[in-house]
Structures are given as C-alpha cells and as structure tokens.
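Notes follow once the structure below has been shown.
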Amino acid sequence: MSLLKVRFNRWSHLFLPLSVLVILLLINLIKGVDYFKITMVNGVFYGNIPNILFGAAELVILSIGMTLVTAAACGQDISIGESGAISSAIFVQYVLNAGEVTIWTILAGFLLSCVAGMLIGAFNGTLVSYFNVQPMVATLILFLGGRSIAFIIDGKVSPILANPISNQIGTFIPGVPIQTPIILTVVFIVLVAVVLKTTNLRLYVEAVGVNPSAARLNGINPKKIIFLTFLIMGVCSAVAGFLAVNKAGRHDSVNLLKFIMMDAILAVALGGNSLAGGKFSITGSIIGAYTIEVLNRTLLRLEVNPEAIKAFKAVFIIILMVIASPVVRAFARKLLDKAKTIVTGDSVRQTGALDEAVVSMTDSSGKEE
Amino acid sequence: AAEELIRVGIVNLPPEESGYRQANVEDMSRVFSRENGYDAKQTNTADVNEQMAAAMGYIRDGVDYLLISAAHASGWDDALLAAKRAGVRVILFDRAIDTDPSNYEAALLSDMHYEGQLATDWVLNNVPEPINLILIRGQLGSAAEIGRSAPVLNAAQEGKLNLVWDGTGGDTWSLEEARKVVEAAIAAGKDFNVIYAQNDGMAQGAVQALEAAGISHGKNGKVKIIGFDFNRFALRNVQAGYWDADVQCNPRQAAQIDQWIKSGNIPAGIVYQEEIILDTDTIIDEHIENYGINPDPGKGVITR
Amino acid sequence: MGPLNRSQTKARLSNSTLLFIIAGIIFLLMYGIALISFPVSFRQFQTFFDFFNLNAALFIVTLGMCIVMIGGGIDISVGAVCGLVTMACAMLLQSGTGNVWGALFLALGIGLAFGLMHGFLIAYLEIQPFIITLAGMFLAQGLLTTLHKEPLNVTIPAFVALRRFTIEIPWLGTVNRLGVFIPCEIKPSVFVVVVLVVIYAVMMKWSRFGRNLYAVGGNRQSARMLGINVKKTIFLSYVLCGLTAGISGFVFLMTTGAGNIGNGSLYEIKAIAANVMGGIMLNGGVGNLLGAPIGTLTLLTINELIRAAGVQSNLQAIVSGLLLYLFIVLQSIVMSLRDRRKFRLALPPWLRRFREHDQEEAAN
Amino acid sequence: MRSEIILRMEGISKSFPGVRALHNVDFVLRRGEIHALMGENGAGKSTLIKILNGVYEKDAGRIILEGRPVHFKSPQDAQNMGIGTVFQEIALCPNLTVADNMFIGRSRDAVVRWKQMNEKTAEMLNSLGIPASPTQELASCSLAVQQMIAIARAVDMDCKILILDEPTSSLDEDETKKLFALMRELKSRGVGIIFITHFIDEVYEISDTITVLRNGELIGEYETAALSQIELISKMMGKALSDVAAIKKHELSQSDASVPVFAAKDLSSTAGVRPFDFTIHEGEVNGFAGLLGSGRSESVRAFFAADKVTSGEVKIKGKRAKIRTPLDAMKQGIGYLPEDRKAEGIIGELSVRDNIILALQVMKGFFKPLSRKQAEEFANQYIQLLGIKTPSIDTPIKSLSGGNQQKVILARWLLTHPMYLILDEPTRGIDVGTKVEIQKLILKLAEDGMSLTFISSEIDEMLRVCSRLIVMKDREIVGELRGANLTEQNVMHMIAQGG
C-alpha cells in the first residue's frame, strides 16, 4: 500500500497533462469511434495516431529543450523557431553543396547544424547567464532577426532538398512500417532519458532554478548550468529544424517552425511545469506537446470554421486549464471529502493516497510566487 | 550629377516574408538604383505603424516619389494626405490600398481576386463533376487570402462546386498546416478531387498528406492540385504532371513604374498586371525560365 | 554583548530608479547619436512627434503591460485585444448604428471583458498567466476573424473629424526638400497617451493599489503576510491591463481610421521589449512606470534609425536585432558595474541571482 | 489575579500531507500577558500562529477573539481585527522602501501619503534605534535590521495581540533588550503578546505564562514563575535534557607546530573584510566572536570562496591550494553551512533527499549521479542521525519547520565528510535539545579528526565548544583567545579595547 502510494506520488505531477489529453481523446472518440483506426498505406501505418505522432515530432523535441530552459533560467526562449530555421538552413546548404548525397553527407550536415544550433544557444545563453538579461528579452533579438539570417544563408531563395535520403528521413524507409520522424523522435526522447539518468542534469537544473545562490554555495555554477540549458535548447532546435526541413523537402525560412515557441511554451505549462522555473517534468512536457497536437487536430476534426478556429482553441484551453486548476481541484476534493463523510460517516482525514497527491500537486503548482 | 538623381522612398514588406516578396524587393532594389538615376531607400516591414512611420519619414525627407506596397489595405488616408500636402507623389505597387483613388497618383497591382478567378475557372472547366474541393487558405485576412478565396466561395455558393473542407494556416502560409488540413479531411473520410491551396508551399504540404495516405493526384490521379505564385519547383511539379495547375503572381513591378516615372507619363488610377495560369498541358520550359521565382530544381524533378 | 555602534545608513537609489535612469540616459544617448548621424530626419521635431502620433496605441499598450509586469505577471493578449477592438469599433461605426461614444464604450467594454476574464482566471483560479493570456490572444484573434476579415475603413464624418483633428505648431515646422512647408502636428491620441501616462504614474506611486502591486510583484508570499489582498491586487492589474488594451484599440483606430486583421500584431512582444528597455523587469516588483514610454521611444528610435540610414532590405531585421542587443548589453553592463563599484546598494534576492554575495559592506 | 481572556483557541487541529502538525491544541491569551509558546523544532508553534492568522485553514477547532468566534481567511483579516504578527521567516517585501514596508497593507486609504509616512517611519526607527532610513530599499538592510523593522511594523499597528515568532534569532543582545523593553511597554498597555523563542533565558526574562507543545499536541500551560527551567525543557522534549555540563571540550593534543589543515594568509574578499591570516589544525574547533556585523561571516565566507576572493594565499595541509569557487573549496575538503538558511541554504522546492545529497552529489561530479537507492539510504541515515522531523524523504524541504530545515543543511555537509567544516550560526532557530545535540556532535566530529569553525551569536555556546576564539571588530581581527583565557569577560574586553 505505502509503496503504491509512493509510486503514485512520484507520478502525480502528470495528473494535469494526462487528464487534459484524455479529455481531448474522449471528445475525438465521441465525434467518431474510428478515431484510433490504423491502416497500412505503402507498408506504413496510417491513421490519426500516426499522423499525430508524425505531426508533433518537432514540437515534442522543442518542448523538451524549452522545459530545461524554463526550469533553469526561469524564463522562456522565444527564438526556437528562428534558431531551427537557421540551423536547418545550414544543413540544407551543406547538403546542396556536397555534390553526391550519401548518408554521411546528411549526417555531417546534421552535425554541422547541431553545432550551429549550439552557437545560437550560446549566444542566447551568454546573454541570459553572463549578462543577466531576462530570457524572453535576450531571445527576442534572434526572434526579430533570425529569419533574415536564415534567409540570407539560403541565398535569399527557398532551396529544395530533393534527395532520396532526405526523402526517407521525412517520410519512411521502405520496409519500416513507422514513419522516420516518429522513430527519430523516440530516439531523441530515449537519448534525453539516458542523459537524465546518467548525469545530474536534473538535480543541477532544478537547484539552479529554485535557488541559484544556494546552488552556487553547493558547488554548482548557476551561470554554466543556464548556459548549458541554452546549448541543449540549441541542439533541440537544430534537431527540430532537421526534422522539419526533411519532412518539407524544401527550406522555407519564412514558415519553417513559425510561431512554434507559443506551442512549446504552452506544452511546458500543460505538462504541469511552472513557467517560473524550478522543478520540471519532461514527461509532462512531452505529453503536453502531444496534447497540443491533438487539440489542433481536434479543432480541424470538429470542422470548426477556419475563421473561428482560434477562438475555439482559446475556449478549449481555458476550459481545460480551469478543470485542471489547483483551486478547482482543491474545491472538488473538498466536495469529495464531504460526500465521503456523508457516505461513510467516517473521519475524513484518513483519506488515501489520491487526495494527498492532489494536495501535494496543489502545492507545487501553486508555487510560482 | 547627384542633384539629378530622382529621390524615391519605397515602403515594402519584408523580403523574408516569402520567395515572392524577395523577388519583389530585389526587383525594386535593382531597378531603382543609382546607375539607373535613382536615389532610393527601401523600408521593409509588415507592421502597419512601422510602414506608416516610414512613409511619413520619406515625406519629411521630401522624396520625389513614394512607392508603397501596403501590409494592410486600409488606414492609409492620413499618410497619403500628408504626402499630397508635402508634394510627394505616391505610386502604389503590388498591394492595393482601400482609399479614394485621388489620394495617389497611380497603382500597379497584382489582382488577387483575378488570380483566384483564374484558378476557379480552371477548376470548373477541367475537373469532372461532381467537383469536391478542399480549400486551404493562407494567412487569414491577408489580401491574397481574401482575393483568392472569394471566387471559390462564390462558386460554392452558386452550387458550381462542393466545398468539402475549408482549412487554414491561421497566421502562416506553412506547409505543415496545409498538410494537417488535408490529413484531417482524409481522416474524416471526405471524398474530394481538388485541392485548392493558396500558395505553392501549402499545395506541397497537401500533396505530402495525399502521398502519405496513398491517394493519387496530378495529371492521371484522382485529386487535382492547384497552387499559386509560380515558384519554379511548383511549375516543375505541374510540368511533370505531379500537380495540375499553378497561377502566376507577378512580383516584378519595378520596371513598369520606372518607365512611368522616366517618361513622366503616369496613368491615373489602378493598373493591374497581367497574370496567367499554367497547367500540365500548357506549361513549357520558357515559362518556368521567365516567370518563375525561386531556384529551379531542374526538369523532371518533383518535390514530394 | 556591547552596544551596537553602526552608522546611520544613507538612503540610496532603489533598483527601480536606477534602472529608470539607465534607460533614460541610454535613450538620450541614442537620440543624440541619431541627431548627429542623421540630422535630416532627426532634427525635425515632427520626427519626434510622429513617434507619438503614429504609435500612440503602442505606448498605451506598453503602459498596461507595465502594470502587469510590475505585478509579476504577463499579458500577451494585449496586441490581439487591441486589434479586435479596432475592428469591432470600425464595424460599429460603419454599421451606422453607433456613434463615436458608442465605439469608445465598446472599446472599453471589450478591453474590460478580457481583463476581467484574465484577472479572474489568473488571480482566483491560480492558472499560469502565460497560458491564460495566450488563450486570450487566440480568443481575440479568433473573434476578430469571425467578425470581419476584410479591411474596413471608417468613413463616418463624426469619427473622421475626430481623427483628423490636429494641433499644428507652425513655428516648429520645417521645409522639406521639395520646398513644401511641413508644420509640426500633434494628434489628439497623443493627449490620450500623456494623460494615461500621468494617471498611471500617479497611481503606481501614490495609490494604495500601486504600492500593493509592487509588493505583490516583489514577493507574493510576503505581500500576503503583510495583509495585502494579493488576489484582488493581481486581479485588478489584469483588469487594468485589459482596459488599457481596449483604450489602445480605440486610439489605434483614431490613428489609422481602419479596422484590420493585423492591427496590433506583435504588440505584446514589442511592449515587453519596450518595458524591459525602460527598466521594468519581467519577474515583477521592479520598475518605474515612466520607463514604459521611454522604452517605447527607444524601440521607435531604432526603427527610424534604420529607415534614415537606408539599411539594405535583407539586413533590416538583423540590424534592429543588433541594436536591441547593444542596448540590452549596455543596460546589463551598467547594472553590473554598479555592483562592482560598490554603490552600497544590494539587489533584492531575485535580481541578485548570480551576483557574488553582498558587497555593500565594503563601502562602510 | 489573572486578567480577562482576549484570545482563546480551542481544539485546533491541522494536518499536512503526511504530518499531523497540530492535534487538538488549546491556547489561551490574556490581556497584558506575555505568553511564551514553547516546543521543539516542528512542534507546531509556527503552524498555530499561521492558523491564527488565516495563512492556513484549520482542519478543526475554533478561534474566539474577545468572546466572539472568528474565522480569518487571510492575514489581512487578522490584521484588521487587531492581531499584529512577526512571522518566523521575515515576511517583508525587499523591493519596497522601509517606510513602505512599515505601512503597506495597513492603511485603508486609497492614497499613499509619502511625506507623512516617511516622517512617521523615521520617528519610529529613531525611537527604536534602528539604523535604517525610511526611503531606503529594504533589501539593502541587514537581516537583523529587517527583523527590527518587521517588529516595528507590528508594534506600530496598535494591535490588541502581538505575535512574535522567533524574533530574536537574528538579533543580538542589545537589540533583544530593546525589544524586551518594547514588549514590556506594550504589556503595560494591555496588549497580549505571544512570544516564540528557543532561548530559555529569554523566556524566563520576559514571559508570564508558558504553553508547551510537543509533536503537535498540547502539553500544558504553566506560570513561568512556577516552572523550573529543567522542567520546562523536559516538558518540551519529553525527556530530560542531557547534562550540558557533561559536554567536554576536545583539547588539542598536537602542538601548534604541526601542519595546519587549513591556513590562509592575507585573505580578503569582495565582501570587504580586511586582509587577515587564519590557521586551523586537525581536530580543532575554533570560533569567531564579535558584534553583529563585525565581519565574522564575511571572513569565513572567504575560506569557502563564497564571496569572490580578491587576495591572499590558502594552504591546505601545507600545500598551496587555489580556491576560486565553492566547488574548489569542496574538493579540498571544506564544507560551509551558510548563515542565511532561506536565501543560501535550502533549495525550497526540492525534496529533503535531494537537499541532503546535493553537496555530495556535486562533489562526485556531473556524470556520476547516485543511484536512487543510495541516495535514499544516505538521506534516511542522516534523518535518523539528526532526528529530522519530516513526513518522508520526498517532502519538499520548504514545508519542514525552520529548525528541521537547518538540520537538513547540516546533514548535507556532514554527508560529504569534510576535513574542515565551517558552521555559520548552525544553531539559529534550533531548539534547546537539538542545540546540545549539535554541540556534542561538533565535539565528536572534532575528536574524529575533523576541524571545525563554529560561529554563533550566543557566546556561551562558543565558549562551551571552541578551544580557540578569534575576536573581530569592524571587519578586522583584533585578537585571539584560547585555553584558560577563554571567558566571556575577556571576549568583551577585547572587543571593547581592540581595533
């Protein structure tokens, strides 16, 4: 029992993102029971679920980076789309200039774009950690100028990436029944999980996010950690850019990953993370990212008039957040308690793990003070 | 000879807005150059206030000609009046401004509505009945979206075609959004045979969704694909029969305006540029060479 | 132990004041450089007045954002609300059923409605402000596209007369290159800006609400312990911000006279940037309200600099980013210099984040 | 004869996830009474205060104020009803001015009258001898000054009930005296005062009545005069206090000639202490004595590079060592428990476990995380060793009581097995029982060969534990005392004369 309780407590922060996701899936199911139907097309799984996994690939990756930045720097990076556009522009240029395209060309180009991403991350990170500029403002610079840079790297055109390997990265590899971007997303998530498992990244980032001066006195260099999270963010942007451009087959520096920072930040928040930094849950953010993808597609599925689609999205977000809000949950818990006392006539305080989990969540999500 | 240079202030949209815009901006910079007898400055922004501020700046500077491609079609009256008072002659290019024609000298515009009409007519003439069309709109409220949507919506209202799905990229013209729209339509089990995407990128996204779902398209396929803008890759797709048609949107107004200014013979009111539609049967290499924008992937190359 | 013999401490600059002064000085410096490098444009008074004439709405939005930011929050719906108001008012005016007053009330009403919604959800349901105001932004944009997509000029005479009303200051005017005299003009919206700046500045400095807001922004927990109604204060700050966004929408309409989808787009980002440049911090509790207009002016000066310099088209966005970068770095360097020089001023803990521990004592 | 009751709390219960902080507690306060609320760390004193203030919602019980049942939803309500409170962790706004902090949340006027406010504040500060100016930002005041301002604010409120939750923990004796004078005056005006402290002497100096809590339960209410110190302590702890006299100093066997564990020469830091020399030998416990603000903390911070070191040379066991960052110091086997627990010690949102293993983890390095099992083992071991009261090792440290937080930080450093451990005010806010435990622990550690620096604002404590005291004044070392010379008299003398 108590072991179960501990387990439950450990996962309790996922209550918010999961409940939201479940509600959305239910709505979709009500709209049509064939929602989960999966068929085979050209030897690849096809259906709503694969589409969601495919479509959310970039957002998932970006929201991982955003989670780390948010946790350590207590602010958000709003230049992630631009940074993805720049690094993928470099990737595309490399591949286009390489002559014959082999898997190694692609790999080299990818690594190069990761380096570019890290440089961008270093630029933002320097501003935030060493110059103490607030993240949202530090990254505003690239948000404003980034697409122009990408455009210039592109040679002021929109180059086409029409080689078979890119094609396979963007769609599927013959014989593999799952689209490549989905596989790559999973690989990336696993990598992140491994990094979190084998390093102290989580502890360091959380310590810095919660109390930088205490972290410093325990031998952590908060500046370096914040810088590091921006480097990681840069890599995430590069990976997202890589996926996006291979999916698209063309580098459109204007529209590539446009306005994705809003969704990424929303994903982090939906994941139950405080945007004011501190403790974080990457699992939550990933679920949050998929939730947003599901939400966007739900709106399309409900055939909402394109003019009104944003208004509906807003209403959905508000309703979901209200349901999941700490106050409403605490209130619901009280009602539940009352109901229980009436039913059992018992003292309420001996309640089980669920209530406690709710309380502890209430505490942590109400923390942003 | 510096005094003889004609001073021009150009208020334009940012080149990184699209390939079309880049071509337009570059065309302007090329034609209104010092060698050509101009002293021109160009301000590129998509923000209404910034555009107006720039226009007012040029008016204060006292340029001879003020060329405007407006981000928004309305709200320019004050600036135009100020120009008039200051003796600055205004020529609109590319984008219309919704104001009294007496407020500017001349306008050389792309007629988005005409483009939409070209495409709609093509659909009505070339797609077998019943026409089940998916409309993918660009950035809502933009001149292009409004102009290119209207003829389709009209046709649908008149019962000439069925609008089975109507989606948008919202704030963007992005490929991904277009792809999602078509995916949603497929998932909803809609039967359709035309995709009317309001720019080439969105058409590309739509095609990707079809490919993934294993639905045939193009010349011999089930679904007809129409895009806009004459990107060379799009034209190659049309040429290859991978897509079906593409509508021109001509970014090159500078030469004409230059000629007007130099000749001193500026027509009053609006002049629309000539624009064409090409389909698999009518397209030839010269078109791609001369009218296309963005790089040419080469004959026979298709984007997926 | 023995008695304390500590000297009476001197009063010193607060962070808010210091940041404000830095912002002011950097703005003046920049304007000075602009005056020297591009005299043709910047020596005309009209250039300066046009900042206000054309961007009154931005100034106003920035004020509202400033209040929320001082309270430690953020409201990214302001631009969209402003845009929605322009269109709604334009439609009302054009429909012939409403007069100018009606439009004004509609503007206030829409702003207030958004403010109330944000305030309630954020303060009383404790939902993260970013999410709620992002939803608010989507809602406003969605309502706008649903209402009316096409651009809409307002042509009813009463309104046109109102917005055409200008105050000319002939003796500040200049003659342009073409030999035409351009008088210096001030639009009525400029007065709205001035009045609002004064009202808000007074409110932040002398009203109970203003002081409470600083306390809440500085440390919410402490503010509660000190007997401040934290929720109400936060609620009011969002209501005020929404209301201000409503006003800005009306002023926008007075500036351009047209409803448009893209009106006010990216205002939220500009407002945040302007405020930070004006020395108002995103984490709350720090900043002088007068910093908001200063920051906005800085932002606008950057634009005008780029225009006057005739920067090449492809580089304009990059250059404006770089100028912003210079500004921000300069601000940060001045702040850290202050630390090194032992100005005898401790930053509050949330600003002190990475600074070496207090050095103030050294000055003793 | 006892005066009328103004406050009665009956059957108060409060649980947090996993802890029962209060169980059926009664409490009575009378007019013109100074009522000490006593108990060990985590006994529930602060929680009781917070419930009275409406910070927490009580689970059960009633509060009767002047005969009428009341229900406060927030400190604001309580304040309006005439309850002034100084909370344990100073709850002021650091970004506001001193005057603002004095008056914010109190006035019902819509308009702030700065001039009047500043004048009143200046008057108040003057009369209490607080060295601050009304227009100064609070963040620029020291902890002690902030504490005094918080007190001044509560006093100035003209309240019926004044609550002081460990106000003296960051005050020195002189300021404490001032505070007591103030309390007596308020008492004579009929104000009921609830006073929480861990200093037994203070209780006997000032209080009329004592209520003792233990483990969230009421032990009883006693007249101060009728309860002996020993009795009080045993009531608080539930057992007798181990004999303080039994604590025996660990005298160094080695001579000073042996190589010191840590030696600094001409050390100074950006914090502003004058360059000074310092050595400590294996197994030695030394202390820094001096007045508030004399630079004790600044000195030891320089050892750990907690402030940027500007000059000087450090030798560890005779070998020159470069200590630029806290991490360098940790790698050289130095540990440092900072003075300001809230700002520099705890990582509030992180669990007790993470807080305990933090320093060890950092020393092991970024790429070598402890396994979960190991971490839990370590954490549990030290929770037991120091008797940390926490519902579980996963509880965020911020929800522990103040004293228990302090113990967690202590555990953090003990876990790293440092060669030289610097403890700056480790006993602040710690209950009597634990204080003695900590003192014993220090001596035991020293016996095992660890060197320690122990700073406390209680001179007795230092005299009991330290074999050598370094006396500071005005950020300069004015002398050193050891052996038989180690008496309070001598320390005072040195402070008065030196410099």
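Going in written order, the chains are labelled A, B, C and D, and every chain counts its residues from 1.
Everything below uses one rule, namely that a contact is a pair of C-beta atoms (placed from the backbone, for glycine too) under 8 Å apart; a residue touches a chain by one contact, two chains touch by 3 or more.
Bear in mind the structure is a predicted one, so any value in this text is a computation, not a measurement.
Undergrad: Looking only at C-beta pairs in contact, point me to the busier pair out of A-C and A-D.
TA: The greater number of contacts lies at A-C.
Undergrad: Taking each chain's centre as the mean of its Cα atoms, which chain lies farthest from chain A?
TA: Computed centres place D farthest from chain A.
Undergrad: How many angstrom lie between the centres of chain A and chain C, each centre taken as the mean Cα position?
TA: 30
Undergrad: Could you work out how far the Cα centre of chain A sits from that of chain D, in whole Å?
TA: For chain A versus chain D, the centre distance works out to 42 Å.
Undergrad: Rounded to the nearest whole Å, what is the centre-to-centre distance of chain B and chain D, using the mean of the C-alpha atoms as each centre?
TA: Centre-to-centre distance between chain B and chain D: 70 Å.
Undergrad: In angstrom, rounded to a whole number, how far apart do the mean CA points of chain C and chain D lie?
TA: Computed value for the inter-centroid distance: 43 Å.
Undergrad: By residue number and range, which residues of chain B touch two or more other chains?
TA: In chain B, the residues touching two or more other chains are 14-16, 140.
Undergrad: Send over the residues of chain D in touch with two or more other chains.
TA: As it turns out, chain D has residues touching two or more other chains at 306, 343.
Undergrad: For chain C, write out the residues touching at least two other chains, lowest number first.
TA: In chain C, residues 145, 149, 219, 221, 314, 316-317, 349, 357 touch at least two other chains, as defined above.
Undergrad: So which chains end up touching which?
TA: Pairs satisfying the touch definition: A-B, A-C, A-D, B-C, C-D.
Undergrad: Give every residue of chain B touching chain A within the complex, in rising order.
TA: Touch list, chain B to chain A: 14-19, 22, 26, 137, 140, 165-176, 179-181, 183-184, 187-188, 201, 204-205, 208, 211-214, 231, 233, 294-295, 297, 301-304.
Undergrad: Show me the residue ranges of chain C that touch chain B in the complex, using the header's touch definition.
TA: So the residues of chain C touching chain B come out as 40-41, 44, 46-47, 50-51, 54-55, 57-58, 145, 149-153, 163-164, 174, 176-180, 182, 255-263, 265-266, 300, 303-304, 306-308, 310, 312-314, 316-317.
Undergrad: Spell out the residues on chain D that touch chain A in their complex, using ranges where they run on.
TA: Result: residues 15, 17-18, 59, 304, 306, 325-327, 330, 336, 338, 343-350, 354, 358-359, 361-363, 365-369, 392, 394, 396, 399, 412 of chain D touch chain A.
Undergrad: Write out the stretch or stretches of chain A touching chain B in their complex.
TA: Result: residues 32, 41-42, 44, 46-48, 51, 54-55, 147-148, 150-151, 156-160, 162, 167, 170-171, 179, 244, 247-250, 252-256, 258-259, 296-297, 300-301, 303, 305-307, 309-310 of chain A touch chain B.
Undergrad: So in the complex, the part of chain B that touches chain C is made up of which residues?
TA: Going through chain B, the ones touching chain C are 7, 12, 14-16, 25, 29, 41-50, 52-54, 56-64, 71-78, 85-88, 98-99, 140-142, 145-146.
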